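First chain A sits with chain B, and in the next complex the same chain sits with chain C.
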Partner chain A sequence: MKVFTIDKKDWDAGIERTKLSYQVFGPVKEKEWHCFKALDKDEQPDMTYSNTRLSPKFLVQPQTEPMFTYTLDESQPDHHILKEVNKDTSPKAMVGIRPCDASAFLLVKRNFDAPQYQDPYWLKAYNAITFVGFACNDPCSTCFCTSAGCGPFHEAGLDVLLADDGDRFLAKSLTDKGDAFLAAAGWKVQADDAGKIEAMKQAAESKIGSHVSTGNLKAKETTQIYDAPFWEDTAFSCINCGTCTYSCPTCWCFDIQDENRGNSGVRLRNWDSCMFPLFTIHGTGHNPRGAKVQRVRQRFMHKLKYYVEKYDNGIQCVGCGRCIRLCPVNIDIRRVCNLMNDYDPAACVCPA
Partner chain B sequence: MIQQPASARLSQKRGFTVQNPYLPYPVRIDEIITETEDKNLKTFKFVFLDPKDEDRFAYKAGQFAELSVTGKGEIPIGIASSPTEKGFIKFTVNKVGLVSTYLHSMKVGDIMGLRGPLGNSYPWETMEGKNVVIIGGGFAFTTLRSSIVYMLDPANRSRFKDINVIYGARSPGMLLYRDELAAWERRDDINMHITVDAASDPGWKYNVGFVPTITEQKAPVAGDDTYAIICGPPIMIKFTQPVLDKMGYAHDHIIMSLENRMKCGIGMCGRCNVGKEFVCKDGPVFTLAQLTTMPKEY
Partner chain C sequence: MSGYQDKIKEAASRLLKEGSVDMVIGFRKGTLPMMNEPCFIRRSEDVHQLVWDSNCGINLANYLTDRKEKIAIVAKGCDSRNIVTHIIENKIKREKLHIIGVPCQGMVDKRKIISLFGEEILDVTENGDDLKIKFRGSEKSLKKNDVLQENCATCIHRNPVLFDELVGELVTEQTGVDRYADVNRVEALSPQEKWQYFEDLLSPCVRCYACRNACPLCYCPTCFVDESRPQWVGKSQDPVDIRTFHFLRAYHCAGRCTDCGACERACPVGIKVRQFTSKLNKDSFEMFGWEAGMTLDQRPPLDTYKPNDPNDFIK
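And now, the complex of A and B:
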């Protein structure tokens, strides 16, 4: 594992060189917010950013993604037969992705890369990307990554970890893909003080001011937490807008739709959300999660109980804090997580 | 011109040749049968355009498939044919929503898709050498028909002990597969208990009464060697389960098939979960013992 030092005056030229080998994505400020976008020639990632408003999951799972095309024209020999859409699998680099967002892909991968079925769309997109992460020296007040199995210098899911050290970046290569990216950029000076990253990491982790407790979640009875009295209270102010699920880097639910224009059409998949009643409604009109409280409970139970039990590998959350910052009615996953983790039906005397 | 770095070339070479689980097999509608007097239930018999796809579609009774109506969408439907029936696959579809309504307007010869088989199945290995009681109501008799045909196949009948079938519908004209029901009535290796809620036909020679009542009268005594498979509308299940409880059926001997709204059918799109289980991938068949540990979100 090699650590390179990149003088900031060599940064722009290096990024330009990587564009010969990769389609490079990075954080760019658009109006008030940052978002990930493909960088044009001479366009640089804004390495002074905090984090993007929406997570970069759309680069692997686009909000709308064509799956198949077809023709309904019966004079064509292959009418009504679906044809696969070619995916762009050319190499891409996500420069400046925060460790939490890169780590989120690993959590989502458990869903799309299952033993029985593999999702070719998700996997092809994911495998084409080199993740050049950017450690957080100054986490936000809503970040709780260190207690969500992640951290400001977390390396899992990254190919390179960059750390901002004043007039230079330290770049730790974590994989072969990372080596290839750094070579393509032409950054070759090895750092003689690689240990500094560890000191920066500890300083950043000590700045994380909020935490969740998750240790009891796995052992709790599903039906007991499900029937806990705090759900009504938690869901009371929710307007089911879906902002939490759309901004979340670990939410992956989707819908599949056929869209026709004249005689040709596309089978698409679109982001969907467990906040919406249509998500689960039966053809008969029966809806197993027809009430708001059931949908709010589903979101938290999925992330903090079902996922925990199913994969035995932590919660389905990386602590990025987006849902907390963006929720229009201030529902806070940290509070809900702690309620669930601490819930003891025997000790409960009255609903909160 | 984009040059690929060595590692990127490598990862592409390692590449993905995974089969696309969202791609349906192309099929042709071979036959359409209107099953019930309200004409709301039709059975569609499909033939694979590529005969090799039939082998790839090897299924077990109790599984389902996504019927893919090109340009409309997909619907998850239980497989009504039996693995022992070759050369076709059939489904009985209730006319309910966008896709099923359009499907009801389609004609023999039309091309569409079939994706599957999906889900687990009834636990055939567990039930081998046992008595099997099939309890069905309304149009939820499709995978039960598959199961009966499968068990009655000469190659399989000896693998099961007594077979009892309790099947009810609102009226005689609402029973599915009436010719086959009559043929099974005539056999001595299966005990049929057909019932209707009410019959105006004086010639009706079978039972009259709701499924729970007939279950209480006709179902065999409970025991380690007896498994009950229940499939029907929620109201039937709600009132049949206490009857089985009273008769002493253990909850791990009561087998149920669930339905939920689905899209992907392979445990990825996230909507059909009941607790941590996906009805599409981990189900649709669960024992009552399993269901009691899960939220009632179905």
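And now, the complex of A and C:
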């Protein structure tokens, strides 16, 4: 594992060189907030940013993704036949992605790259990307990554980890893809103080002031948490919008729609949200999650209980804090997680 | 406004103890600076949770829709006007409500405050018109009146219009404010400029529907964008479908909107959703002399017909 030192004077030129081999994406401030976008020539990622408003999951799973096109014109020989839409699978580099967001893709991958099923759209998009992560020296007060199986210097899911050390970046190459990216940038000076990253990591982790308890979640009886009395109180303020799910880097649910204009059509895959009543309504009109409290419970049960049981690999959350910051009514997953983790039906005094 | 808070707690406790209501709907302290969470209280021993400050911008009338309990609700001016609208539209019965009226002094715009500073805000405390903003290792001051939500800055109905008790003296209503400055500015644009303006305005929309769901007016069991048999509106990020949603939703609020700002406050991507509803509020006012939710005794102009209704728009 090699660690390079990149003088900030050499940064812009290196990024420009990588654009010859990659389509480079980076955080850019648009209007009030940062978002990931494809960088034009001479456009640089803003390496002073905190994190993007919405998660960068859209670069792998776009909110609207055309899958097939077709024609309904029966005079055409290929009418009613689905034709796959060509996808751009050329190499891409996501420069400046935060470790939590890169790690989130690994959680989502368990769903889209399961032994039984592999989702070709998601996988092709994911595999085309080199993840050049950017460690957090100054986590936000809503970050609880270290108790969500992640951390400000977390390396899983990254090809390179960059750390900002004043007038230079330290760049730790973690994979062959990472080596290739650094070579394309022309950054070759190996750091003689590679151990500094470890010290920076510890300093950053000690700044995380927000934590959740997850240790009891797996062993809890599912039906007991499901029936716990705190859901009515938790769900009361929820307005059932899609802010939490759409901003979340680990929410993957989608809906497939055919849209026709005249005789030509396209089959789309759109983001969907378990907060919406339409998400579960049956053809009969019956809705198994017809009430708000059921939908709120589902979101937290999925992330913090069903996922934990199914994969035995922690919660389906990386602690980025977006849902906490963006929720219009301040529903806080940290509070809910602790309620679930600490729930003891025997000790519960229900408000009769 | 801490005096309000004590009065709210006192009223809630009294009403729950005497059993005249089943629950009290109000706010509890949030987990983030400048955020409070709508909550319900059923037991008098829990009323200590209730808070009131300049971060209670969410419209609580939204939480009344179709509820059957006997409810006490904390209501500032705009909430009370939406309660009136709810009663007129048969979404709640007046006799089921005990309205704890709060003469409002405006709610702060969290987003505006955050955008003033480059670093993370850890805490905000208020004392009258003075806000103290705390950061890591430093502190700054702001005047509340400089950072009000835009709808609050131009509000002329801060006092509740319908209440069973008040938690403080009625406040002096603002005069001389230009409620429709934004609308006038957009109206003055050329059609091409307007098109571009609305396109830019809506470009960040992710269709989370937070604007719709935060709005007390949007209580349809199935919104037109969610209809699937037949499906009226596409579900993708197609700009035509996004515009259709916003334009139609605004029209559904015509003559009903109280300009409470809940939509704009809820939007996670900062869209000025009120740009649409404000225009319809202005039209309602100019054509019918109507402001929504001011009285229980008059039907809204769009669900009645009068021979002298303006009809200049028919060419």
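By definition in this document, the second predicted complex is superposed on the first by the 350 of 352 C-alpha atoms of A that agree within 3 Å, B and C clash if a C-alpha of one lies under 4 Å from a C-alpha of the other, contacts with A are read in each partner's own complex, and residues count from 1 in each chain.
Criterion: a contact is a pair of C-beta atoms (placed from the backbone, for glycine too) under 8 Å apart; a residue touches a chain by one contact, two chains touch by 3 or more.
Note that the coordinates shown come from a computational prediction; the quantities given were computed from them, not determined experimentally.
Asks: On chain A, do chain B and chain C fit together or clash when superposed?
Replies: Overlaying the two structures gives chain B and chain C room side by side.
Asks: Given the touch rule stated above, what does A:Phe68 touch, chain B (first), chain C (second), both, or neither?
Replies: first
Asks: Per the overlay, which chain contacts more chain A residues, chain B or chain C?
Replies: After superposing on chain A, more of chain A is contacted by B.
Asks: Go through the superposed model and pick first if A:Asn111 touches only chain B, second if only chain C, both, or neither.
Replies: The first partner, chain B, only.
Asks: Would you check which partner chain A:Arg325 touches, where first means chain B only, second means chain C only, and both and neither mean what they say?
Replies: The second partner, chain C, only.
Asks: Regarding the shared-chain residue A:Ala183, is it in contact with chain B (first), chain C (second), both, or neither?
Replies: Touch partner of A:Ala183: chain B, not chain C.
Asks: Is A:Gln224 contacted by the first partner chain B, the second partner chain C, both or neither?
Replies: Once the two structures are laid over each other on A, A:Gln224 reaches no partner at all.
Asks: Give me the angle at the C-alpha centre of chain A between the C-alpha centres of chain B and chain C, rounded to the nearest 10 degrees.
Replies: 90
Asks: Look at A:Gln76 in the shared chain and tell me whether it touches chain B only, chain C only, both, or neither; answer first, second, both or neither.
Replies: neither
Asks: Go through the superposed model and pick first if A:Phe254 touches only chain B, second if only chain C, both, or neither.
Replies: A:Phe254 sits against chain B, while chain C stays out of touch.
Asks: With both complexes superposed on chain A, which partner does A:Cys140 reach: first (chain B), second (chain C), both or neither?
Replies: Second partner only, chain C.
Asks: In the superposition described above, what is the shortest C-alpha distance between chain B and chain C in Å? Please give a whole number.
Replies: Scanning every C-alpha pair, the shortest chain B to chain C distance is 6 Å.
Asks: Quick check on my understanding: which residues of chain A belong to both its chain B contact set and its chain C contact set?
Replies: Touching chain B in the first complex and chain C in the second, residues 255, 257, 281 of chain A appear in both lists.
Asks: Taking the touch rule as given, give the residues of chain C at its contact with chain A in the complex, in rising order.
Replies: 30-32, 35-40, 42-43, 58, 62-63, 111, 115, 120, 122, 204, 206-210, 212-214, 222, 226, 228, 234-238, 265-266, 268-270
Asks: Going by the contact rule set out above, which residues of chain B touch chain A in the complex?
Replies: 2-8, 10-12, 16, 18-24, 26, 49, 68, 70-75, 94, 96-97, 100, 110-113, 234, 259-261, 263-264, 266-276, 281, 293-298
Asks: How about chain A: which of its residues touch chain C in the complex?
Replies: On the chain A side, the touching residues are 31-33, 50, 53-54, 63-64, 140-142, 233, 236-237, 239-243, 246-247, 255, 257, 259, 268, 270-271, 273, 276-278, 281, 324-326, 328-332, 334-335, 351.
Asks: Quick check: in the complex, which residue numbers of chain A touch chain B?
Replies: Spelled out, the residues of chain A in touch with chain B are 20-23, 67-68, 70, 72, 79-82, 84, 89-91, 111-112, 114, 116-120, 123-124, 127-128, 130, 176-177, 179-181, 183-184, 222-223, 226, 252-258, 260, 265, 269, 272, 274, 279-284, 286, 288-289, 294, 298, 301-302, 305-307, 309-310.
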